[in-house]
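What follows is chain A paired twice: with chain B in the first complex and chain C in the second.
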Partner chain A sequence: MFESNIFFQDFSGILTVVPYTLGLALLILILGILIGGILTLIDQYKIPFLFQVAAVCLSFLRGTPLLVQLYLAYYGMPKLILFFAGLLNFKFDPNQFDPVITVIVSYSICFSAFQSEIIRGAFMSVSYGQIEAAHSLGFSSVQTLRRIVIPQAIIEALPNFLNSYLTIIKSLSLAFMVSVVDILAKAKLESALNFRYLESFAAAAAVYWLLCAMLTVVFRRYEQNIRKKA
Partner chain B sequence: MLALKNIHKSFNDHEILKGIDLKINKGDVVTIIGPSGTGKTTLLRCVNYLEKPDEGEIAFSDFQLNYQSVKRKDILRLRRRTAMVFQQYNLFKNKTAIENVMEAQIVVQKKSKKAAYEKSLEELNRVGLADKLDAYPSQLSGGQQQRVSIARALAMEPEIILFDEPTSALDPELVGEVLNVIDQIARSGVTILLVTHEMSFAQNISTKIVFMDQGKIVEEGPPSQIFNHSREKRTKEFLSHFNSNYTKITTAK
Partner chain C sequence: MKMDFGYMIKILPGFISVLPLTLVVILCSGLFGFLLSVLVTGIRIKRVKIFSPLMELYISFTRSTPILLQMLLVYYGLPVVLSLIGININNWSGTLFAIATLVLHNGAFLSEILRPAYLAVDEGQKEAADSLGFTSFQKLTRIVFPQVLPVALPGLGNALIYLIQDTSILFIIGVVDIMGTANNLISNDFGSRQIDVFLTVALIYWAISYMADKFIKYFERKTARYHLENGLTR
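Coming up: the complex of A and B.
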């Protein structure tokens, strides 16, 4: 049967890795936004060569499962780094390579595709008329971007970024596959000791649910606040 | 004070402006009328350099510019002397009414916040919106938004204000309040170049009417001439589609 004391024991055990998971997801979100921003720029300005490369990458990222990308990175990245280390003549030991770096890199790149989409949408949401109005008043392009376009684009993008944050938190459950300990991984470790799988996975589900529900409430409140201005 | 010389503009090999010459004196209210698609908007946009003419010149009393060899500095100079009021108002959505009016004073004219605020207050007062300083555009009616955008243009103290059909996006009951504001600033001596389909309004406030058709100025002269004693058949034909019914509303709110 369902042992509630084991459930709560697992629950509090899992809670200890929550800050780590939140931090990891935040780092991935920020890196994803940076890479996504660069992708958007390449796409908007149709920078030759890079533009085609980015299009192929985006198509790959959208067309393959995250788990497959993760495995690819896990087995491929150390080899790739080893290769470049050889070229540049510095020492690199693949056995010392922390898999969390694999997770950070592959997740950031994977989610950058979504962030790029969000950023593009946010910029498109600023009506061209406002940009013309700024120009007609004597704003330079940079001033228009800084004072008019970017502030509005951020307000537009933030709720979507926050949604991505939740998605990343949940997707990190796959990171167990490459031995990074997040919420789900912690649950598996807990159950490995006593074989109470149901309790520990129930505890993991509870933690995810609580976390996402709480963050959603906070984000909503925040969104309503900034929406008043738009 | 301002002269346009031989302005040409094409879009995709299709010539829209076929050599426009126009003189505007200080304090003039010049209204361009003409059929849809004739190039009225394009002409106004050329004056403000939102559109780059293929050929032509613009001359102010102390500053002249040939459109074929424009430098960035010239564009800024031109834009500082001209202000545009758009059909769709184009207010900055993330800024309140007063911030909309202050913004360019701070960014372009490098005024202090305080000076910009005081100037903006004065101009918003002038357009009758002293009680809406902190409203965002989404909280204002179309007529109020257009009046904010007029205040935004006035605050830059341009030598000329360009109005492109400032009332044609408005619900009929809001047209009056905006026309009244334009009427009032015209009387205060601001130089205006206006495009409108409000014929009786044009007849009322203009010092000069310009009738444009197919990228050319067909006829220009004082309102009485154009509306009552036009010499051109095309002008008469165009005007016969309109009947005059603008009556000044004295209580704009």
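Coming up: the complex of A and C.
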């Protein structure tokens, strides 16, 4: 029925890909925050034309499933790069294109929609009176942003960023569709050897559960720490 | 790199014909998931012995594993578990497993929205209802529920959008919904028109999400009058 030795064998096999998954998710989170920050700035300063384009893009990113976006990137990106490489007389072989890059690009763009919402909320939490006070004290706009707004906004945004880190780790399970090996993909590969699907999926669930529980505890500690300092 | 819009329009009827299946899955799992989440929330709020910690465990599990993994666990695990108590579900279709997964997922997910919304209703209001001689059922339907609704609706709306997007993975257990049809089209074409096909899929999902969003916004406006912040007193 349920063989525990296979479960533990799969469990230790899956543990080997955990660092890779965590690193990939961290990279996606950072890129997502950067793109999301740019989107927020476009949204806040209402830059003409770019503002409307960003609104449509955000609506598309929120309205379509991640898996569909991933497939679009997987099939579209090599062709797009090939097109631009052709323009620039630059050699590019689509067959050697690493799908990890597809995953990183499409996930960063998809999650930037969520990050921009978080960043917007964080900036909103700093009252406008503080910005006026900084201006009246002779701070430049950059100084105001760097010394007054961002230190306060980060405390608001951080728990949400950490939350999306967990979401990204979970969403990476879809990356198997484009042959990138994360936790769930490793479980599938393990079960392909002996057809014990239930054991390997249970092992994957255990790994995810442990990982999320540990990260949640660490994040909560960290959040309490910075809230105390602020 | 060129789009074939004629081809995209040609394959559209195929997607429209499987749309009812997707909508049935969304409606069933949304409705039963909501009912399950009400039960789970009730158990957690009333702190029912034994069940309450079990529910905490269930919620923590659902929140920390990907929905794809949950679906695979239900698909491979549920027949094994139910065969232990003598129920045979080997002839269930993929759609039923998909609905079962989404119900279980949403039961936990929505409870995390409903519980804070319930706790947001001021304790004094419940005491006032008690002192006015409301029965506990009246208290729930006339005092608590109308106030929970406007607080919970934005969260429930988000959950609906997530539910719609989660249906995109159902093809993995063999449900021929929008994504399943897309994959069939691609294998018929020997994989030459993936971009056109997935762009069509993206547009269909975009339309469904957009309508769901408008629907929720309409409800939010309707229930805004129950919100104490903009009620009769101000």
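Worth a mention:
The definition used in the following text is that the second predicted complex is superposed on the first by the 228 of 230 C-alpha atoms of A that agree within 3 Å, B and C clash if a C-alpha of one lies under 4 Å from a C-alpha of the other, contacts with A are read in each partner's own complex, and residues count from 1 in each chain.
The rule we apply is simple: a residue touches a chain if its C-beta (ideal position, glycine included) is under 8 Å from a C-beta of that chain, and two chains touch if they have at least 3 such contacts.
What you see is a predicted model, and the numbers here were worked out from it, not measured in a lab.
Superposition of the two structures on chain A shows chain C fitting alongside chain B with no clash.
Judged by the touch definition given at the top, the superposed model places A:Leu82 against chain C, while chain B stays out of reach. Of the two partner chains placed by the overlay, only chain C lies in contact with A:Leu174; chain B stays clear of it. Judged by the touch definition given at the top, the superposed model places A:Gly129 against chain B, while chain C stays out of reach.
Rounded to the nearest 10, the superposed model shows the Cα centres of chain B and chain C diverging by 100 degrees about the centre of chain A. When the two complexes are overlaid on their common chain A, residue A:Met214 makes contact with neither chain B nor chain C.
Measured by the number of chain A residues touched, the leading partner among chain B and chain C is C. Once the two complexes are laid over each other on the shared chain, residue contacts for A:Arg147 go to chain B alone; chain C is not touched. Note on the superposed arrangement: chain B and chain C approach each other to a least C-alpha distance of 20 Å. Residues 1, 60-61, 63-69, 72-73, 76-77, 80, 161, 164-169, 179, 194-195, 198-199, 201-202, 205-206, 209-210, 213 of chain C are the ones touching chain A in the complex. Against chain A, the residues of chain B that register as touching in their complex are 48, 50, 76, 79-80, 82-84, 86, 88, 90-94, 103-104, 107-108, 136, 138, 149, 152, 156. Of all the residues in chain A, the ones that touch chain C in their complex are 1-2, 59-60, 62-69, 71-72, 75-76, 79-80, 82-83, 166, 170-171, 173-174, 184, 187, 197-198, 201-202, 204-205, 208-209, 211-213.
By the touch rule above, chain A contacts chain B in their complex via residues 126-127, 129-130, 132-140, 143, 147-148, 151-152, 155, 228-230.
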